[in-house]
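The two complexes that follow have subunit A in common; it is paired with subunit B in the first and with subunit C in the second.
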Partner chain A sequence: MPRIEFSGVTKSYADGTQAVADLNLVVEDGEFLCLLGPSGCGKSSTIRVLAGLEAVSEGMVLADGHRIDHLPPQARDCAMIFENYALYPHLTAFENIAMPLRARRLPAQDVERRVMEIARMLRIEPLMARRPSRLSGGEKQRVGVARALVREPAMFLMDEPLGHLEAYLRVELRAEIRRLQERLVITTIYVTHDQGEAAAVADRIAVMSAGRLQQVGSFLDLLDRPLNRFVAEFIGEPPMVFLPVHRVTADSLAVKDVQIRLPEPLAAALRATDDCNLTLGVRPNDISIVTPAPERLNGEVVLVQPQGGHAIVGVETSAGPATVVVPSDVRPAAGTIVGLVFESEALHLFDSAARSLLHSRGEGGGG
Partner chain B sequence: MTVARIRNKAPVERARQPAGAWPIGALRYLVAAVFTGFCLFPFYVIVTTALKTETNIFAWPPVWVFKPTLQSFYNALFVFGGRGAISYLINSIVISAVSTFLAVVLGAMAAYGLARFSFAGNRQLAFWILSTRFAPPVAFVVPIYIMVQRAGLLDSHIALILIYTAMNLSLVVWILRGFFAEIPIEIEEAALVDGYSQLQIFWRVALPLVRPGIVSMAILSAIFSWNEFLYAMVLTQSRAATLPVYLAGFSNSMGLAWGEYMAVGTMAVLPILVFTFALQKHLVRGLTFGAVK
Partner chain C sequence: MAEVQLSGVCKRFGPIEALRGINLMIPDRAYLCLLGPSGCGKTTLLRCVAGLETVDAGEIRIGSRRIEALEPFARNVGLAFQNYALYPHLDVKGNLAFPLRAPRYKAQFDAEEIEQRVSSVAALLQIEALLDKPVATLSGGQKQRVALGRALIRKPTVLLLDEPITHLDARLRYEMRFELKLLQRRVGTTTIHVTHDQLEALALADLIVIMRNGVVEQVGTPDDICAHPETSFVAGFVGDPPMSLLRVELDREAGGPWLRLGATRLQPDERLARMLDSVREQHLKIALPADDISLSHQGEAQTILATVQAHEWVGRELQIVVAVDGSAVRLRTRKRLAVRIGDKLAIRLDLKRVHIFDLKTGRKLGSSVSA
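Moving on to the complex of A and B:
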């Protein structure tokens, strides 16, 4: 199982769009890495470049230190799962799964044995005689996973594999994919725009936006230590609240007239910069609703969305809109004026270039 | 009976529907039957005339019930004009089969290339291929005659095979290009990562998926080659002459030997009919449904 390395990879298309820009990323041997980002961020182009379906425009792709970006797809030993399944419509499920083995001219009894083995693993044995048109979405993707895994590939690439499935099937199948990956220890790259999915399956997550890699880390890393405003906003549900702030002294800030007390690392970071155009970021979970008071940031409740054990409350403050997650027993009514209090240990500050003051020092905002 | 039973079981508004639709449905069948009869009647006359004795052919009022005889077929095939129609029939079959095979095989490969690979002039090339059909074939008879004569291929099978292949090829390429372009690209990408080369993908994935297109183009090409008259007439004399040439000469030189004439006509229709029926089951559409969401 190889260690994959993207080194300065750029992918431009004939029409001039740059899908991936100067990507430097290492996927460790046997690791499960998620490429996460909004649509059009370059995550699909990245794995298509790795699979050999697209040529790199610049840079290198290496597997265990050897360049593979000039190899044709069939020489790279990548297995791929497609969002729209891409099964062979004229072949039965059995023959679909057998195709990669037949490409390698395996003897018939080995093909039979390995196809049935993987079919058993994915519990699709009864479907083996059916054509894809007679399979449901979940069954099709199981066949797709089986086809990818049957030849024990060096890498396992998945391009939004669960995108077309219903919610309950997504949860079931992603757990299954993760189990299989752990059992087979295959280097895996999984593309998704769904952070819940990424959090559930990945060892590490690489967040991309507009063709550029923003940050790589575990889900909790990304949640607690976002390098920039994009990651802070994209990761976490509901999204982080951003409020414009201005400097009061060298190491204190205010939102409108309301003084914000900063914990020491953040105050130190603030002292180290002379940037005046700062934004405060705070997670909706780290805001609490209290009674309004002049020394607090107050606002009107505009929307209450009850969830399971909690509610999401929209508050319109003088500094801008804020979202607050509250326990269901303190659910305020729409129209009431409330005060907001921030958990000071959980504050984030972003400079005028949208970099996190606390976490991006010395890291250059990328890689 | 049936209507009453349905009424007992189904809700009232459901039950009324078949009863109300009955005369309309029957009318539909009647119109369809009359039209079908109208279309098939000439064919019926051809076949029955071929099976009648000469006395029965000219009998008035027409004889509807008679003892069929194969004498006309025998005469037409082996006796008339010294050696009969059999060699023309064989020429027609050979020339149609080979030119159809070539047109479909070469056409499928060209169409796949045009549909799947982007290269400079791709679209212009596709249009140029179709444009070869723009002018009426008669416009090229003289130049082609001279070319064939210079090549020493007058009255040869190969001349007609090449010309028919060229004529069919443009349509085959143009139509199959559309069929290939409809295959979701992910299916072929899946085959690429599964370890197949582009050529293997063409044979094992793309070609089976456009089978309905291949079959319909084979039928159309075969019909065209089988029925083509102009070039066959101009370029052949006897050795490579096809059935339409024989039929045309038949009415002139033999007077009106109706029984034999109709026997040849029947033989001219049957092979194409058999070919079309044999391939018809492959004309199922929608094979690609369900592969990709």
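Moving on to the complex of A and C:
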């Protein structure tokens, strides 16, 4: 199973659009990496370049240190599955899965053994005699995964494989895919726009926006140490709350006229910059609702959304809207005035270029 | 007055009974969510209220008026769908005004009235700046706002929404959820919203109706449904995460009652034991909240060994699904554990907030949670 490296990869199209810009990214041997980002961010182009479905415009793609970007797709040993399953409608599930093995002229008994083995892993043995028209969406995608993996490829690439399935099936199938990947220890790249899906399956997540890699890390890294405002905003549900702040002294800030106490690393980061156009970021889980007081940021409760335990509370403050996640024993009524308190260790500050003051220093695009 | 009342509503498609005698009372101004897995009948029910399907039996009333035999346009309901269904050749204004321009309303809405309604609905949905744009140039969220505006423009007595925000991406879905609820509060129109997403239903609804196989499983407020599930299906379907369901046997031997889970005997506390005294069934399903299932050490009381089936990060929590004697149990932890699928974990089951169901029927037999 190879270690894959994108080295300065750029992909531009004839019309001048640049889908991927100077991508440097390493996927470790046997790792499960998610490429995550909104539509048009370049994540699909990235794996298409790896699979050989698109040519690189600049840079190199390496597998275990050897260049593969000039190789034809079939020589790269990638298995790729897409959102639409692309199964042969006239063949049974068994024959669909057997296809890549038959193409390699494997003896019939080996074909039988390997097809049934992968079918067992994906729990689709009873479906082997059915044609695709008699399979549900989730079953078809399992057959698609089985077909991709039956020949034991070096890399497994998936482009939004669960996009069109129903929510509960997506949850079931992503666990299945992860289980299979752990058993086969296969280098895997999975493209998705859904952060919940990425968090659920990936060892590491690479966040992309507008063709550029923003940050790579575990889900918790991205959640707790976002390098820039894009990542801070894109990762985490409910989304991070952003409030405009102004400087009071060299190392203290205020939201409107409410002083914000900064812990030392953040205060030091603030002293180190003369940027005045700063934004405070805080996650809804790191805000508490307390009684209002003059020295606090106060606001009116607009809406309470229960979530089966905790609830999501919308609060309109003088500095803008804020979202707060409250535990099950806190249920403020709409219309009440409440005070907000921020967990100071969990504050983020972004400069006028949308970089995190604390986490972007001395770090590049990598994590 | 726009309460909606359904009594004995049945609908069949060939051999499939999509709705099997639905009885439901939706209070005036309520935001009601119809929630259930695909094929449960929720969309069929909405379409019957809209008049897009005829009912085979039963009555539907809006206020005091029976509507189940009326043409869709005569029911005074507003509809918005998942796929927006906007007219691509018209601009935003044209789409909003469309329901008012039908020939049958010619006498009712003159040009001035149309203009006035379009601008007030556009203000309500904050799409004034988009009025002259062709709909093809709009983002998903903007299209959904236009679709909602069009549904509201005739000032319907009931607003019907079929998965209106499910397909939007996470951030936008979150924003639209917030907007939709505030909008409904402002206009006060009785709303029926179909969704398969339980977190969406919990967030939006005053009342949730959970459906399965063409029948209503439970009706209640979001907090009520989560705290007091009436069936094992509801217990396993709602909540963040939903409760875990375990098959157990009631064992009255040797100082029991015990709850037997494979080879392990779980000891109920006094309160639960008292409740179990009145239970006649031997085969039970119990539901436990995720927070009452914790990592433990082998050999401790109420502890069983389980196999990891899946693990995933949900926010800052690691959620682990383990198999316990054939049942899947979900627990969560804030520890950064490096678990692999197939690992054995010792887990402790705390029975202080347990709900007990009949294994066969799924109906509630009792609960150690006070009502």
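Operating definition for what follows: the second predicted complex is superposed on the first by the 363 of 367 C-alpha atoms of A that agree within 3 Å, B and C clash if a C-alpha of one lies under 4 Å from a C-alpha of the other, contacts with A are read in each partner's own complex, and residues count from 1 in each chain.
The criterion applied here is as follows: a contact is a pair of C-beta atoms (placed from the backbone, for glycine too) under 8 Å apart; a residue touches a chain by one contact, two chains touch by 3 or more.
No experiment lies behind these values; they were computed from the predicted model shown.
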item: Partners on subunit A (subunit B, subunit C) - clash or fit; value: fit
item: Which superposed partner A:195 touches (first subunit B, second subunit C, both, neither); value: second
item: Which superposed partner A:89 touches (first subunit B, second subunit C, both, neither); value: first
item: Which of subunit B and subunit C A:100 touches, first, second, both or neither; value: first
item: Once both complexes are placed on the shared chain, angle at subunit A toward subunit B and subunit C, C-alpha, multiple of 10 degrees; value: 80
item: Touched partner set for A:40, first subunit B, second subunit C, both or neither; value: neither
item: Touched partner set for A:292, first subunit B, second subunit C, both or neither; value: neither
item: Touched partner set for A:168, first subunit B, second subunit C, both or neither; value: second
item: Partner chain(s) touched by A:30 [first = subunit B, second = subunit C, both, neither]; value: neither
item: Shortest CA-CA distance between subunit B and subunit C [superposed frame, angstrom]; value: 9
item: Parts of subunit C lying in touch with subunit A, wherever the complex brings them together; value: 37-38, 169-171, 174, 177-178, 181-182, 196-199, 202-204, 222-223, 226, 238-240, 242, 309-310, 312-316, 321, 336, 340-342
item: Of subunit A, residues touching subunit C in the complex; value: 38, 166-168, 174-175, 178-179, 182-183, 193-196, 199-201, 219-220, 223-224, 233-234, 236-239, 285, 302-303, 305-310, 312, 314
item: Residues of subunit B touching subunit A in the complex; value: 184, 186-187, 189-197, 200, 205, 208-209, 211, 287-293
item: Residues of subunit A defined as touching subunit B within the complex; value: 51-53, 72-74, 76, 78-80, 82-90, 99-100, 103-104, 131-135, 137, 140, 147, 151, 157, 164
